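Per-chain numbering from 1; labels A, B, C and D assigned in written order.
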Amino acid sequence: MHQPQDPDFEARVRRSFARQSVMETIGARLTRVAPGKTTVELAVAPHISQQHGFVHAGVISTIADSACGYAALSLMPPGAGVLTAEFKINLLAPAAGQRLEAHGRVVRAGRLLTVAQADVEAVDGERRKTVAVMTATLVTLEGREGITD
Amino acid sequence: MHQPQDPDFEARVRRSFARQSVMETIGARLTRVAPGKTTVELAVAPHISQQHGFVHAGVISTIADSACGYAALSLMPPGAGVLTAEFKINLLAPAAGQRLEAHGRVVRAGRLLTVAQADVEAVDGERRKTVAVMTATLVTLEGREGITD
Amino acid sequence: MHQPQDPDFEARVRRSFARQSVMETIGARLTRVAPGKTTVELAVAPHISQQHGFVHAGVISTIADSACGYAALSLMPPGAGVLTAEFKINLLAPAAGQRLEAHGRVVRAGRLLTVAQADVEAVDGERRKTVAVMTATLVTLEGREGITD
Amino acid sequence: MHQPQDPDFEARVRRSFARQSVMETIGARLTRVAPGKTTVELAVAPHISQQHGFVHAGVISTIADSACGYAALSLMPPGAGVLTAEFKINLLAPAAGQRLEAHGRVVRAGRLLTVAQADVEAVDGERRKTVAVMTATLVTLEGREGITD
């Protein structure tokens, strides 16, 4: 569906993700990168939990926001940087299991603003359950020193 | 303005916050607790950053969500648990400086649903700047085994 | 996918929609009702426009909110009423053409809270374009006098 | 607090509001215009109601969105147009009484994006109650033919 403007989009997205040190802190990895789509996976672990032992809503947001942001970046022109303007997340069920997968996809890629959505699934053995949905607005930054992805 | 239903609200909020292990992981502390109001502080550090070196939007969400959730819990009846149904955050400026402060306040406390808002300020020496605003919906959980705060 | 608890769900949804007098004011009709899904259609007309001649974002929200709300109601038990707790909408493109179609679908139906999403399409002859996406949280009301759907 | 870039901001905001024909349809008026702030008032009436007789959430959104949008426009440079990128609204209580007042205020005015918030109050005789809160993202449009405010 989406045509990347940058033929090097996958390597570029992976390089930028690798600079997000919070991802190592929480234990998240970027697994899939396609034009307008990404998947970020997170191992469920005690150090990212809230008070009832589930993954904290903010940590779920962290991987969903990055899934949306990098889905958006995959379609941006070379040299541009990506920034989150806002997002909204609904938590549908407690996040538990072995891992979470945040699947981001671009809904509309504009010159300046991109809207992306993510579904976050909890994977427990063979079972999958959608635990959160996000909608995010991303900004294409061009010509800002130090802000390139 | 707000009358807590639980005279022990402050100790209860602090005990619950202390069980959120993600807070130690990112370096956040609950500083202020008042009826319907809390402040969560976060030291800015490299291990919570995104690709441009600023604090990741998901980490900002983590402290803002907890500030909203514990502002809500401070007004809930004894034995109840708090759960985030959804939130929305707007990022206003890059989050940098020495620390962030998320100030949560209850806008409306219902029997079942509470709406809270948070402003997140970046503090850099004497300067303060609002870097994010959140609106969250919290659920009062009663009678769910293992879900008490 | 979704099993309605009320075998009379379709007639019930249509009766409730018919009581929303704002729908006649703006010119909207409920066309499709299925378990967990509805479509609300709106004729594009001058009396619902904003300053540039497009359909006002609030009017787009009106049909998308009702599409979400009635998708939720279609799965609620007999006697319950539906109420919107909150929604978020992203406007993707100017809303013009002959008509708008808001397609609502339930993402998760809980006992108390339902999350639904809607896509709003602008239809212009043979062309269709998604002009907005909404995510909404709906509340199931039981035992409130006068609030039944 | 906010310095308008356009000395003619008030007349300009009022002219643009007057072109929103939906406002006449629902019965809304722009009462207050100040730098970064506006108030839109709506007479409660049967033709804007939802199924339980309260003002429809979409109509509340319509006045809150315009209050945010015109608060944003009041700070934009001459010749620019304003567009809503997205908003989120929480409904706190049923909207009834004589009239609603949506009070919009700019939280951050950027060159390209403005974030604004609105509180919507229901006024019933001497009583005032906040029935909704909105956060919106507005876009400054420059150099688009036909899109000026």
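Here, a residue touches a chain if its C-beta (ideal position, glycine included) is under 8 Å from a C-beta of that chain, and two chains touch if they have at least 3 such contacts.
Remember, it's a predicted structure, so these values are computed and weren't measured experimentally.
Interface comparison, C-D versus B-D: the pair with the greater number of contacting C-beta pairs is C-D.
Ranked by distance of CA centroids from chain C, the top chain is B.
One inter-chain figure worth recording: chain B and chain C are separated by 32 Å, centre to centre, where each centre is the mean of the chain's CA atoms.
Each chain gets a centre from the mean of its Cα atoms; for chain C and chain D, those two points are 22 Å apart. In terms of their C-alpha centroids, the spacing between chain B and chain D amounts to 28 Å. For chain D, the set of residues that touch two or more other chains comprises 85-86, 88, 90, 115, 137. Against chain B, the residues of chain A that register as touching in their complex are 16-17, 19-22, 24-26, 46-52, 56-59, 61-66, 81, 83-91, 146-147, 149. Those residues of chain D that touch chain A in the shared complex are 85-86, 88, 112-113, 115, 137, 139.
Looking at the complex, you find that chain B touches chain D at residues 88, 90, 92-93, 107-108, 115, 117, 130, 133, 135, 137.
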